[in-house]
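Paired with subunit B in one complex and with subunit C in the other, subunit A is shared by the two complexes that follow.
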Partner chain A sequence: MRISLALVGVTALAVLLVPPLVRLDQQAVDLGAKLLSPSWSHPFGTDDLGRDLLLRCVYGLRVSLLVGVAAALAATVIGTAVGATAGALGGWADRALMRVVDTVSSVPHLLLGIFIVAVFRPGVWPVVVSVALTHWLSTARIVRAEVLSLRSRPYIDAAVSGGASRWRVAVRHLLPGVLPQAALAAVLMVPHAMWHESALSFLGLGLPTHMASLGNLIQSARGSLLAGQWWPTLFPGLFIIVPTLAIAGLAGAWRERINPRRRSELML
Partner chain B sequence: MLELHDITAGYGSGAPVVRNATLALAPGESVGLLGPSGCGKSTLARVAALLHRPDSGTVTLDGEPVRGWRYRASRSRRTAFGVVFQQPRLSADPRLRLTDLIAEPLRATGRRHEIAPRLTELAASVGLTPDLLNRRPHEVSDGQLQRACLARALVLRPRWLICDEMTAMLDASTTAALVAAVEDYRTATGAGLLAVGHDQVLLDRWCDRTVRWASLTAAGAGK
Partner chain C sequence: MARLAGRRLLFAAPILLVVTFGVFAIAAASPFDPIKAYAGTAALGADAETLARLRENLDVDQPFTSRWWHWLTSALGGDLGQSSVLRQPVAQVIGERLVRSSLLCAVAFLVAVLTGTVLGVLAARRPGSVLDRLVTSLAYSLEAAPVFWLALLAVWLFALQLGVLPAGGLTDTASEQVTPGQVASHLVLPAGVLAVSQLPWFTLYVRQGVGDALAEDPVRGARARGLSERTVLLGHALRSGLLPVLTLVGSRVPELITGALLVESVFSWPGIAAATVQAATAVDFPLLAALTTLATAAVLVGNLLADLLYGLFDPRVKFSDM
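What follows is the complex of A and B.
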């Protein structure tokens, strides 16, 4: 938990502070310094165009985090809207919406994601859209289940008896009740979305290749890996794994705190 | 006049919880409904409060048959009933302070201007201090929360009160205070009362008449 917090803190500082403070051009090509192994002047070494890998990794993480957070937020908003609507309305609306969810989940989501990015020109937003549109399903299911359990509580009966409309019950009583779960789902989604961004970029379908993203870095390092140069693959790989595991660890600790058993011991 | 005729009600596909129950309440009358736990009296109370649609049977309110329950009932019909449930913990939204809990029906029906005077009046009649009103449900005791729930049920001045085991979880002094608050309200407004419970001594002292669960269904089945 503390380790996760520290790692997320360091990551956040790095992506926020390094670009404005370090006035180095991450795109600067220096063919004379290509594929240097890690040393004091280039702690992570350089890539096949002589660009500093530490700097590229930090910029790449920045892009990947942006995509991850934006996609996770968008996916959560879609999922919460669908799940809450299905749960609150019930009946045929619930069945129809959940069949849509089942249908979309029956398609492998990476494949669907690839299909969606392929429709657009390469860029950041198509990746965000692709990841968001393939990842709202689990949130919709979680939120629907939570709404269904809240819906049968006597305080909803009391609200109905007090003259509240369907809309008011949903907005005033149901939605605030599912927000903690939805927020947790959003945080858990961030690492997943980052992996997807990396996967899409690695397949050459995600971000434009000049843009430093962790997936792009690993993709362009493939050639040199076969030639025995391990550093252009290892360091971006660690940059994907370590922060995402740290975020997942934090989300896990948070889930422990809000899980219903603990909550009921504290409140009921 | 509130008439429940030949009501059969249940949940989902299982056997109905209530079978052929018949009960009538005259205007302003207080009726105690006495029955063992799990017999279906709470379900019948929810049917009467227009919160649960029965599988069959008719509910007549002031001579007019009820056609819709929950959201399908018109707002004026729904709010003609004030409902107090057995467990205050479950019938209070955990995020609302007690003031908001009590004022919520006024907000929901667009009568915000009445909030301040009604709150002062009701807090006094159910015995809640201003300090308690600013707390959230988990910061008050069951008895204090049930007082707030009763205030919420009274805030729209309902013509009928449905108290479903209102005092089952409470101590004797809180029970006495809540029953007194209900009776004060009824004396002032002439509202009718359906008090559901399993405590015969309490219901006999509280209500004009007490009916046993078995007699409701027997009367229904006999027809």
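What follows is the complex of A and C.
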């Protein structure tokens, strides 16, 4: 828990502060220093164009996190809207919406993402949209279940008998109740979205190659890897793993706080 | 059981219909132009009249709903269209590659299930022990690791540094024929990496299931009767602990497909997934549409399989209730 908090803190600081403070050009090419193995001056070594990998990784994490957060937010908004609508309306609307959720979730995420990116051509927005459109399903299910359980509470009955409209009950009374769950789902989705972005970028279907996301870093390191240089591949991958574990650890602790009964559930 | 399977198939048909319809709708909403994809660079210099004729010939001047209907009716007749990037009929592409992908996935899944069971039981036996903590933290780290990254590192270690296994492909480049021995040696790395990517999830669930079962009454009873620890662990705890995991096995098909997509593309394994990436890069719509439908069908079959397994292994579950 403390380690996770510290790691998330360090990650956030690095991503937010390093680019404006360290006024080094991460794209600056220095062919005289290409593919240096890790040393004191370059802790992660350099890539095939002589750029410092630590700096590249921090910038890559920044790009990947931005895309991940944007996609997770969009997915949470879609999921909350669908889940809350289904739960609040009930009846055939609920059944129809949940059928849609079931249908979309029977297409493998990455494949659907690939399809969306393929027809819209790779770029930042298609990646965000494709991740958002494939990741809202679990949020919709969670929010719907939460709304259903809230609907039977006395305070909702009180609001309804007090003459509150359906819309008012949904927005003023149900939505605040589901927000903690939705927010938790959003936080847990960020690493997922990052993973997804890096997978798409790795396949050459993600962000444009000049944007140094972690997936692009791994993709562009393939040539060096086949020539035997392991560090341009290893470090960007670690930059995906460590924040993922830290966020999962933090979200797990948070989940235990907001619903202590689910202690036995797995974190990831 | 047959009734359950039949009912599920009845449900699957509308889902597949909706998915194919969605695929056509998304393509229609996108800037993707089938004519440019078909004609390639030749479309740049062509005059409007030729393009219009081409449009008419390929039936793309019609709204996407009628194109979808046309695709659907011919697909039911076995004609899935022509893949532009592989220059083959789509049905033939799938037929050739499905075997290789299934081989890869089946081997990987089997290895993952067996290793995961062993590791999970070992970890569950003494919760909090060094072994348990080692297995658990390794599983969490592997779960967080991107599979393509693991694949690349595996290539570096086993193919480049140690030189014990081939780095990719189905057979050696010099070889003319596809021999089982060659395929086996080329299968080890991709299947191993895919197995490792599926392993953490399985291990954690087995650990959880067996751990929970070890704290329950049947196990206490078995211990009280003086049964050996081995019988208690494997005969009682593992059996009831594996039940919840079994239902999840079938629902792991999407993750398996996702993993296979990435692993196949790293190792240039000539399977369905590699074709998907090629199709996506070149916007080969007929191939993409067919592959998306196929993957959805695989997921639905996986779900059905999970239900059937659950009913078979747990006598308390009746098929008529499902």
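Descriptive notes on the structure:
The rule we apply is simple: the second predicted complex is superposed on the first by the 258 of 268 C-alpha atoms of A that agree within 3 Å, B and C clash if a C-alpha of one lies under 4 Å from a C-alpha of the other, contacts with A are read in each partner's own complex, and residues count from 1 in each chain.
Basically, a contact is a pair of C-beta atoms (placed from the backbone, for glycine too) under 8 Å apart; a residue touches a chain by one contact, two chains touch by 3 or more.
Not measured: the values here are computed from a predicted model.
When the two structures are aligned on the shared chain, A:Ile240 is found in touch with subunit C, with no touch to subunit B. Of the two partner chains placed around the shared chain by superposition, subunit B is the only one that A:Ala158 touches, whereas subunit C remains out of contact.
Taking subunit B and subunit C in turn and counting the residues of subunit A each one touches, the greater count comes from C. Of the two partner chains placed by superposition, only subunit B is touched by A:His173; subunit C is not. Once the two complexes are overlaid on chain A, the subunit A residues touched by subunit B in the first and by subunit C in the second are 266-268. Put simply, subunit B touches subunit A in their complex at residues 46, 49-51, 70-71, 75, 78-79, 81-83, 85, 87, 89-95, 104-105, 108-109, 138, 149, 152-153, 155-156. Residues 153-155, 157-166, 168, 172-173, 176-177, 266-268 of subunit A are the ones that touch subunit B when the two sit in their complex. On subunit C, the positions that touch subunit A within their shared complex are 15, 18-19, 22-23, 26-27, 30-32, 140-141, 143-146, 148-149, 152-153, 155-156, 160-161, 167, 204-205, 208, 212, 253-255, 257-258, 261-262, 265, 276-277, 279-281, 283, 285, 288, 291-292, 295-296, 299-300, 303. For subunit A in complex with subunit C, the residues that touch the partner chain are 102-104, 106-112, 114-121, 191, 195, 198-199, 202-205, 215, 218, 221-222, 225-226, 228, 230, 233-234, 236-237, 240-241, 244-245, 248, 264, 266-268.
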